[in-house]
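One structure coming up, written as structure tokens, with questions to follow.
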Amino acid sequence: MDFEFIIDNKLHKISLEKKEDCFVFSDGEKTQEVNIKFISPHVISVLIEGRSYQVYWARDKEKRYLSLEGEEIVVQEPSASPEGIEKREEKSREDELKVKAPMPGKVIKINVSENEKVRKNQTLAIVEAMKMENELKSTIDGYVKKIFISQGELVDSEKPLIELELKE
Amino acid sequence: MDFEFIIDNKLHKISLEKKEDCFVFSDGEKTQEVNIKFISPHVISVLIEGRSYQVYWARDKEKRYLSLEGEEIVVQEPSASPEGIEKREEKSREDELKVKAPMPGKVIKINVSENEKVRKNQTLAIVEAMKMENELKSTIDGYVKKIFISQGELVDSEKPLIELELKE
Amino acid sequence: MFRKILIANRGEITVRIIKACQEMGISTVAVYSEADRESLHVQMADEAVCIGPAPAIESYLNMERIIQTAHQMKAEAIHPGYGFLAENADFAKKCEQENIIFIGPNSKALKLVGDKIRSRQTMEKAGIPIIPGMKSLPQDISEFKNEAQRIGYPVMIKASAGGGGKGMRIVHEEKELNPSLEAGMREAKSAFGDESVYLEKFLEEPRHVEFQVLADNHGNIVHLFERECSIQRRHQKIVEETPSPALEPALRAKMGETAKKVIEVSGYNNAGTVEFLLDKEKNFYFLEVNARLQVEHPVTELTTGVDLVHQQISIASGEKLSFSQEALHQKGHSIECRIYAEDPLNNFLPSSGKVLFLKEPIGPGVRHDGGIYSGCEVPIYYDPILAKLIVWAENRELARQRMVKALEDYVILGIKTTIGFLKDLISHPQYKAGNTTTGFIKRHFGQWEGKKKTEKNLEVALIASAFESLNSLQPRRGEERLAREMFSPWQSLGKWRIGGK
Amino acid sequence: MFRKILIANRGEITVRIIKACQEMGISTVAVYSEADRESLHVQMADEAVCIGPAPAIESYLNMERIIQTAHQMKAEAIHPGYGFLAENADFAKKCEQENIIFIGPNSKALKLVGDKIRSRQTMEKAGIPIIPGMKSLPQDISEFKNEAQRIGYPVMIKASAGGGGKGMRIVHEEKELNPSLEAGMREAKSAFGDESVYLEKFLEEPRHVEFQVLADNHGNIVHLFERECSIQRRHQKIVEETPSPALEPALRAKMGETAKKVIEVSGYNNAGTVEFLLDKEKNFYFLEVNARLQVEHPVTELTTGVDLVHQQISIASGEKLSFSQEALHQKGHSIECRIYAEDPLNNFLPSSGKVLFLKEPIGPGVRHDGGIYSGCEVPIYYDPILAKLIVWAENRELARQRMVKALEDYVILGIKTTIGFLKDLISHPQYKAGNTTTGFIKRHFGQWEGKKKTEKNLEVALIASAFESLNSLQPRRGEERLAREMFSPWQSLGKWRIGGK
């Protein structure tokens, strides 16, 4: 069966087929036999040419978190994200103008007001989480278009808190 | 909801009902509120009158294995065993005449033959598992009625290996 | 000895204290906020009482409620852990008034050492070397400006009431002074409920060397040698070790005696830590007393064989120290790494959420003091420390290698942690060489971008993902049964075959 | 130093050795039988090769196959662990011939100490005290009868080729002699591939005290003090500790020197253990040399700070011992409990099957050397040891309390284990008092029936079962979705509400 996975924004196309007691893996260039077992719900054991890999994995929504040999690898499926990778990149340029909280927390200070002129790296607001203050900084030279939050509000990391506008 | 459980061959009838944020437990004599949470698939946290219990549990067929405060408790449901408790006790007297392997293993020696007279505690056969020899001993003074096994055979712990007969 | 102790804290330190109590045959009462019903400390304690909503100020910092709970549960003593109320002299005093034993120093000593300004005055008077800086708490914001000019930039803003890097700011030039003061005061207020800050001369790249001290209620004081805690980020220690690569026996003895003098002068009892800065010329300056059990206490335990929590409890119950200074020796080497829920690739932003899977490293010479489990939620409300990984080995290099391996064996999936960063740090040639100063992170890890993934690991990740997809695709044609079986612990997952075989 | 080592074993000891290799930067090759594809050692090693079917004789005892695998994988050395080929002089010799380093003694010394009869002769000649008994291997079954009469009943039948209680039988009167010989020989054959047995005088209730020794390839020999292993069942050690409550410094020194002499006389190198019996009058008798890493080696590691597996590997690679006898000291106290898959309530019958859930105890001073995980299968083919729980504390009583607590924290569900039995044993007043002899179990635990369950725990078990039933009943009306969610790690199980809320 063919699979597509995204790791670090790079698309990988591979295939894995069952063959008797083992599996056959191909990445388009080379093909090899691998021995794979579910060891327990969060552990997969992979043997390739005698090499033994213990893969820990867990899933959160569309993301697979894997850990092997002390290295963490996040694997996503292209179908899981509504847009393709290219589209997402376009979108991220748009997103740049929307300032989001880096993590869920509490807004403890808003340093700007709507329509105010801002410089790149200027502090727009301060969000506190886990007792650490984190400054939200402007990504551009421009203007504050809209402020969606108020001081003391608990915010998530998904929604934009402040929207910016490029200087014309 | 009412429940029946068997622990150490004793039947317990209890009820547990959801009530707002907690549960109400009754064993027929007393009734009390308890706070219960699934902490992870194998851990249940129980708070009763401020006392905190961390209950580890797992299931194997009809048996629930629980561990709390370092004590292991096996809980069964009456419906899970085809006969009631009393019937099972009757049956166990019958079972006494059927000699079973105490654990899965390999028959390495059979010391008796069919129709042979045996004394209580006489060694009937030897089964090896995990490098330990275990002697199967006669539970009665009587005769060997039937031998179901042969030397070298791998045996399970469920089926009778030798059947005995009481001396008349 | 006590029959029952309430622990006014959460997380790994509460778990650590509960274990010590269990070994000593003492019952434990956990308190928890509404966000912590499912926390490990609640499950492990003998009794557990909810003391309020998630924000610490309404729960773990709620003195009245905690004292009332201690009375209600008939706890004879309160162990405050670290952070929260641990260095709050008012709380210690309230306990004394309410006839509850506070497992820590007496409130008078706590008040003295907790007031960084007053303690600096006291120490200077006693002939203990201190860093140039403010000797009284400023009345006016302009005093900061004058003092900074007097001692010269860079200067350090520090919270008078606390430690742990909270409220600290380095100021390199005058125009940074006001915003840094504001932020420092806000943080201090939020962390300790007291916004007082003061200024000190900022020493360039010193080592941070502290001495663990135990003082019983009968005037006996011993030190348990040093811990070097120079590896810091945002003035927060992240790696600690003992012995310090920088100390020779003579200097160690001298600093140890100075630490004992600090404790004596302060009228301090129970466990405490005397912090020093050590400059390049090996001059040392008294910094402050940390009047609590330290996060990094395990490295001292592993090298001296003394259980500091047992000692804290014994001392609080009135027992005399059972050993003298001469009986104490350092053996081998110990290193601790603090595991934080932070994203090292994104400016160390805190990372809350669900720990989807945890595998704690275990093995000879490896200790893991943790407050988490597979499936737990890491709330946004509290300090992002998840656990501490501590190793011991015969010498520093063996301990270092063991730590590298233990970090590699450590799996936390679902939230960002500092594990990968720490592995690189411990593997760094300058760490290996023992060249550790407070500037270490900035100098060597200012631009850390993580390791490039190896090709082979990428390939195995793809294979495992495809394998797992094959299995999760199966359910689309028989989904319910298979999903149920996968969950069912009584299914032999290991023997589970793919492809309908 | 080696680049790559093959470990010819399975279970906890293989995991232990892999960890040591990883710390030392050495690659590891695991070998496994068809029953062990999913075993922990296969997952942890860098490379893993299947060497045959489940029965040990066709896999873990298959010398040719193992040596061939070492060549194929380019391993320079083989670590045999304990059991299997660890004390097989033929195997050691084959390794020598094949230019593979056997991590253990040279084959000549191994042959000598492995032959219990010849080593008794050698030791007697060298003036080492030995127990009365056979000095040559009997040619005829009647010799056993004569020898038993000469030294007087009770006598002990012992396997010439092995240790670990396998093949051992105590014979109290003549009519028991023949059946016991038969059983002993069968067990010896099955365990070591050699049915030779011999007789020794059986001492009543002695203590079993052994000394750990290290000898490099350059003639340097040190001992690392004693381990007391008196608590035995079926001649199998189950609890070990150090220091022994029975030794005074002078006796310890004398026995230690004797142990070194045994090693010297045998021309022995690498790690070994010299076993003694100590009678009530504190006379000691040489018993045998265990020519391998012992199951109980961790208690020595925790009290001396020396990593014995590291030492084994260093010595095998030709390095000199880096410390002298004078540099070695015992610190604190350590106890080990062996965790077996056996049912203490049913005559300690082995219990194979699936470990449905495992929670390893962790905490300060607690070490767990295990070969199992949640979900693993315990096969019927091999020794029933699952893991070892080891604690260290400042003194014996603190270590004992820590062990009791660690055993309480230890959860293995699904198969029978000795955990509950061990907890009662460690809690016994006579164990607390240090009155440990080889008759301890028979005397105090002959009729062990387990503890009566406390009423409260029964009640909580019922509540938890009912709660779990409520949850598993839910699926009857929506079974698939819920079962799937329960398995799904990304579902917030913690926040999961009951009753459709």
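All chains are identified by letter, namely A, B, C and D, in their written order; residue positions are counted from 1 within each chain.
One rule holds for everything that comes next: contacts are C-beta pairs under 8 Å (C-beta built on N, C-alpha and C of every residue); 3 or more make two chains touch, one makes a residue touch a chain.
This one's a predicted model, so the numbers in the text were calculated from it and none came from an experiment.
Between A-D and B-D, more C-beta contact pairs join the chains of B-D. Compared with chain C, the chain whose C-alpha mean position is the greatest distance off is B. Chain D has its Cα centroid 37 Å from the Cα centroid of chain C. Per-chain Cα centroids separate chain A from chain D by 47 Å.
As a whole-number value, the distance joining the C-alpha centres of chain B and chain D reads 29 Å.
Each of residues 37, 39-42, 51, 58-60 in chain B touches at least two other chains. In chain D, the residues that touch at least two other chains are 38, 354, 356-357, 374-376, 408, 486-487, 489-490, 493-494. Contacts between chains, counted with the stated touch criterion, involve the pairs A-C, A-D, B-C, B-D, C-D. By the touch criterion given at the top, residues 16, 19-20, 22-25, 38, 298, 301, 305-307, 310, 331-332, 354, 356-357, 360, 362-365, 367-370, 375-377, 393-394, 398, 401-402, 405, 408, 475, 479-480, 483-484, 486-487, 489-490, 492-495 of chain C touch chain D in their complex.
Listing the residues of chain C that touch chain B in their complex gives 29-30, 37-38, 42-49, 73, 373-376, 487-490. Residues 1, 3, 5, 7-8, 12, 14-16, 18, 23, 25, 27, 34, 36-42, 44, 46, 48, 51, 53, 55-60, 64-73, 75, 77, 102-105, 108-109, 126, 128-134 of chain A touch chain C in their complex.
The residues of chain C lying in touch with chain A in their complex are 166, 183, 186-187, 190-191, 234, 341, 346-347, 349-352, 354, 356-357, 359, 374, 380-384, 407-411, 413-414, 420, 423, 451, 453-454, 456-471, 473, 486-487, 493-494, 496, 498-499. Partner chain D is touched in their complex by these residues of chain A: 35, 37, 39-43, 45, 47, 50-52, 54, 58-61.
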